[in-house]
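First chain A sits with chain B, and in the next complex the same chain sits with chain C.
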Partner chain A sequence: MTITTSAPPSATGTKGPDGRAQRSRKHSFREIWWIYVFLLPTLLGYGAYTVYPLLASWWYALLDWPGFAVSGEFVGLQNFERLLTDHQFWNAFGKSLLFLVIAVPARVGLALLLALWLNSKRTPFSGFFRTLFFLPVVTTGAIIGIVFTLLLDGGGPISLGLVWAGITETPTNLVANAGTSLYAGIAVWVWKWLGITMIYWLAALQTVPQDVHEAAMLDGANGRKEFWHVTLPLLVPFLVIITLIDTVSALNVFDLMQTLTAGGPAFSSEVIEIFIYRTAFAATVPQLGYASAAAVLFGLLTVIIAVAQGAGVRWARARMGGGS
Partner chain B sequence: MTSSKHGASGVAVPQGRAFEMRRREFLGAVGVGGLTAVLAACTGGGQSAREAAQDDGTLQWWDQFRPLTGMFEASLFEPYMQANNGVTIERRQMEGPDLAQAIQVARRSNQMPDVHSLAGLQATPAALVSEGWFQSIGAHADFEGSALGDQLFDGIHRFDGEVYSVPLFSGRMHEATPWVNTELLGQADVDPAESPATWDDLRAAAKRITDRTGVHGLVVPLKEVEYLKTLVTALAQSAGAPGTVGWTVDWRTGEYVYDSQPFVDALEFLVSLQADGVVHPSSASMGARDARARWAAGEAGIYLWGPWIIGGLMVDEPEAVERGIDAWSLPGAETTRNPIGRGPGTGVFWVNKDSQQPEVAAELLLQMSSREFQLQLASAMDQPPALVDVVAEADVHPAYARNIEHLAKDVRISPVPEAGNPSTWRVAAEMQDVHPDLGEIAQAILTGSGGDIKGELTKLNDAMNAERDRAIEAVSSEGADVGLEDWVFENWDPATDYDQAAYGAR
Partner chain C sequence: MSATATRTLLRNGRALRPGRVLTFVGLLVLALVWIYPFIWLLSASVKDSSEIFGSGLDLIPDQFVWENYLRAWNEAGFASYFVNSVLITAGTVLLVVVRSALAGYVLGRFDFPGKKLLIGVFLVTFFLPEGYTIIPVTQLTDQLGLLNTHAGVILGLGAGGQIASTLLYAGYFRGLPKELEESAKLDGAGPFRTFFQIMMPMAWPITATVVILTFLFAWNTYLLPLVFTLSEPDLRTLAIGMTVFVGEYGQDWSGMAAAAVISLVPVVVVFVILQRKFVDSIAGAVKQ
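Now for the complex of A and B:
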């Protein structure tokens, strides 16, 4: 049954629906104005530390600004033109994309496997293991970078373990070898953030109704068939959201990579953020405008991904029947 | 629904209306306050804080000299504050790279300290003076008449006839002294008192340490490209290359010399050490300070670094000094010894243009220029003091004193283009970094990802010559009086110091 109410027509006939809506909004604002007061600190912080730097970086990208000068000189799009022919920039851009392409599927896939294992009723000490896998998430990225520098260097336990196992003949410095440094960074990044993606998956798995599992079992599906034909299709909307969240996360790896490899050796692990940092702070003459232009181009990539994320989320909600 | 209430005066006041007014006022006040806070944070908040600090007589002092902390406090700042009521000196010590970043950020947010060093900033003092960073101090104290007066150079410390800074440390030093762990050398039956004459001798000593002690012969912090740049340059100079760290050029022609044979030999020497298996396997993950810590922990026998190592060890790892440390002179490629070229001692501390206390800063710097203070500087065993002869009188570790003797024999003061023509700073500022640079090439080669040494160095050399030519043309077109001839010092003799008279006779 549906109850509908309708407002009586105006006695004078002078106030139409617009006037009523305006009054209603005003009335509504009187009741909820305090919400905006509580939001104000966040809005101010967001404005000062997100919106302002974002807008400023767009302006700086149009300046020739040596770091030791108080201000820059407007040069239009020259910085962007220079970036297009800067192989160091494209090297870093490519490394960031490679990082993303390898790290995100690895993190999403491994976390799903972990979540499935920990979600099983037959897994002992699942609570303990969940905590264990989540611990790196709450550890500072820079600290993890420093610790893994020691663990992965030529005299570290991992290198010696590889020799002991006969996988390598001599100790290998995995973070200081141009062939392995980026992949070492990817591996450490996946390990560090695996726990949070695992939590996402565990939450997603709770949404799969138990009766669906039971129905599949009654129909004779084994564990693998049940996963591929029942569980996984139900998880697809979550897969989209989790992948997009992890993708954005994979574009913010400065603290870890700077402490782990500093982009080296020979720029083999220089992701775009390290390029920006090096150009803005560590160059002989720091180039703030040029670094900002690189950041803007990089930001465009992030925006494209964010738009894709928005579309993905909308699609996933529609698939889940969650409305708009 | 709108209700009304009678006020004290008996006038009916619509309650909702009164409430709305208060809300607007409140929101307005919060909005204005928030906006003020945002604007303060974005533009001028720091300036206000700084001005407040200056008003109460506080002099902010930033530098990177950790081993000098105790001496600065006890021998300089505390006595000065006691003798001058109302003056407060606040010093912040940071690592060099951190200090460079802090200064850049402070500059843009108007929060510069009154006095700071230039650690980590690659720009020349001439460029910074021209950009209006500093104020002169010559009018506040007699630096020309001080013990360091004859070490003041135009274009380095003096600009347009005004003194801006003083060279508290000697330029007669390099960053590649082989520091040795005498305990390990004793176990390997290597005489720590006898410096190796050639690279091959150093290589043999490292091999013997590795073979006889089970500890790696030496550690080379390959993660730090700036370290590698200075190390390779010093080794190349010991093999006969001209130039200095900032300008790797042949002063007789003004051309870059990265592709010369000494640079090739220097890189091949480092590769040979690796091939011998004497380099610590974790070297590629280490910065210079990491390497010092690992060397101090007894993980390697030899570490090539600057004279300041003992001062740092005395603060952080004194047990490494007590266990036994000595300094060798840097060997040459052959038995013929070639001088290492370095520019004159640079200005260390600079007074910010907006500082309200240049007199205080100048008085402190004048005290630091005295022979007494130079003696104390020597005792801290950091960089050698400008009056380097005071080391003989100072209470220093014998290895520090021995290193100073080696440096006196090995290092010669080279020409500096800024001292010849201060306008050359504009070329340095215009030049864009060339990558890979010398340190990055060395890192690539020593981590197994580099190509042909000679080919890489030739590419670098050509790119540096081309970039400098472009920069000269660019600044000349803007009116700067500068040309390639400003990098040519035909009267330069590698075996003698290039002094004030040499600049005059050029």
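Now for the complex of A and C:
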């Protein structure tokens, strides 16, 4: 998403010839004051609810602050020192990374397969199927989490289905088991969001010119060969962008994971957001400063990932020939 | 032979092939598995609680128990949760549309001191996770005295963030001819009248997109209302009400399923009616 800074120059009072530059700039403010009126809601709202919290959390991270009713006490870097040796924090950090590393490739890859299938000219009713696969995307993550606690119950349909299919011998509740709870969460997350990634891929596939397909077909390339050598290289720039979008999405899984497993059992699926929420809001003595420090480290992780992938996106854009 | 002719020939040649039928059947099975959770949920919502886990994989209830819905709607308080969700979603959508249209208009069409800085700040904070700012946002809302009000939740959801909406408007307004302002000026219209009477009506496709995306976001949001309204029964949204329901009536599975259906129906119905626009909105937003 980019905005070029070029705009109709006429409305802004451009600098006149040398002698009049000063006067015309003053004049221009009288002409453009209304622009700032238009921006006022955004400046106030964005300043107070995005920029200020961003900066304030760095300050809060330096406080010992046991609740909103009292004021915090400055303790320097103590919170960060404590975080470095807090195995619960690193557990949560690790779970978030694991979630990312498994869930994002699964979502991006499976969505591509589905999109290729639906994009094929031979596939009937592809619009109807697209709607069905997209349906979970519009639903409320927290409600889905609760519904899946029922679906995944030992006596529920998924457990019985696994027994029926011979995958497990006895009914098991996958979210009540420390060995499988995180993976169950990943599976539900991929299911819920696959449809939107599929739409991204379908949009990307629209940019692959039809005659490229046909040329390859006439050259005698079979479907698979054509995909690897013709279609896939054209999709690489989109792969980078879609992976970035899905990675950010994988760092925002609080609603689903809190309602599905609440981080349990025994912290086996506690992603970093649940750790922050638990420390700040669900503990008997809230530790707002400590939770802020965790949030700051988590934010740094996000920024690092976003910057790394941003570089990737820029590279991808260049490959696409400047267009987006 | 022209490319079109080849394509037609290929398509006709393949129309009756078994491959096409297999593809269809395979996709149909996959799609049914995909939406099975919703079918199961509908079925569970009209079963007796004891039947949900007692009757194996049977989806048809022995007896339809519509009381589940009455119980969730009246006793469990989903009537008022529903109203809260509607109010908060509507307020957030309105706030985001007005705010991002105004900002998008001037960002898309005019140069002014500070513009580059503003866009820089937008891009830096574009991917900021919600969990990162929830503590300062709560503290701020508390200091504004809005912690236990609808307005507090609406401001928390819609006042910050939402950069995508602003950029969508900016992109659209940038593409409109600049003669629009010039002729409006000749008619004696100031910037405000120009915006509300000429620009805003023209931008309705973007407004539709922003309304849809913000509606989805606000209706489905969880963390902020959880922190703000968990202890305030009068303010709870559907998602928070559901959490409370699980805590209070953990064994009432059929009531839970009915409550979940109540919570999901509005967003699913809107989606089914506007599905084309939904999909285009999202595909359009990512292409930007």
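Keep in mind that, in the parts below, the second predicted complex is superposed on the first by the 278 of 324 C-alpha atoms of A that agree within 3 Å, B and C clash if a C-alpha of one lies under 4 Å from a C-alpha of the other, contacts with A are read in each partner's own complex, and residues count from 1 in each chain.
Methods note: a contact is a pair of C-beta atoms (placed from the backbone, for glycine too) under 8 Å apart; a residue touches a chain by one contact, two chains touch by 3 or more.
From a predicted model like this one, the values you see are computed outputs, not experimental measurements.
Undergrad: Contact-wise, after the overlay, does A:Ala283 reach chain B, chain C, both or neither (first, second, both, neither)?
TA: first
Undergrad: In the superposed arrangement, does A:Ala295 touch chain B (first), chain C (second), both or neither?
TA: So A:Ala295 only meets chain C here.
Undergrad: Once the structures are superposed on A, label A:Gly179 by its partner contacts, choosing first (chain B), second (chain C), both or neither.
TA: first
Undergrad: Name the contact category of A:Pro265: first (chain B only), second (chain C only), both, or neither.
TA: After superposition on chain A, A:Pro265 lies in contact with chain B alone.
Undergrad: By the touch definition at the top of the document, which applies to A:Pro66: first (chain B), second (chain C), both, or neither?
TA: first
Undergrad: So, does A:Asp153 touch the first partner chain B, the second partner chain C, both, or neither?
TA: The answer is both, since A:Asp153 touches chain B and chain C.
Undergrad: Mind telling me which of the two, chain B or chain C, contacts the most residues of chain A?
TA: C
Undergrad: Who does A:Gly94 touch here: chain B (first), chain C (second), both, or neither?
TA: In the superposition, A:Gly94 contacts neither chain B nor chain C.
Undergrad: Name the residues of chain A shared by its contacts with chain B and its contacts with chain C.
TA: Residues 36, 41, 44, 48, 52, 68, 149-150, 153, 155-156, 281, which sit in both footprints.
Undergrad: In the complex formed with chain B, which residues of chain A make contact?
TA: Where chain A meets chain B, its residues are 30, 33, 36-37, 40-41, 44, 47-48, 52, 66-70, 88, 149-150, 152-156, 159, 171, 173, 175-179, 262, 264-268, 281-287.
Undergrad: Give every residue of chain A touching chain C within the complex, in rising order.
TA: Residues of chain A touching chain C: 1, 3-5, 7-12, 32, 34-36, 38-39, 41-42, 44-46, 48-54, 56-57, 60, 68, 117-118, 120-125, 129-136, 138-144, 146-151, 153, 155-157, 160-161, 164, 191, 196, 199-200, 202-203, 210-211, 214, 218, 241-242, 245, 248, 251-252, 254-255, 258-259, 272-273, 276-277, 280-281, 288, 291-292, 295-296, 298-299, 302, 306, 324.
Undergrad: How about chain C: which of its residues touch chain A in the complex?
TA: Chain C reaches chain A through residues 3, 6-7, 10-11, 14, 19-20, 23-24, 27-28, 31, 34-38, 40-41, 44, 52-54, 56-57, 95, 98-100, 102-103, 105-112, 115-116, 118-119, 121, 125-140, 142, 155-156, 158-161, 163-164, 166-167, 170-171, 174, 178, 181-182, 190-192, 195, 216, 219-223, 227, 238-239, 242-243, 246, 253, 256-257, 260, 263-264, 267-268, 270-272, 275, 278-279, 282-283, 286-288.
Undergrad: Could you pull out which chain B residues touch chain A in their complex?
TA: 16, 19-20, 23, 26-27, 30-31, 34, 37-38, 41-42, 97, 100-101, 104, 107-108, 121-123, 127-128, 131-133, 222-223, 225, 280-285, 428-429, 431-433, 435-436, 440, 443-444, 447-450
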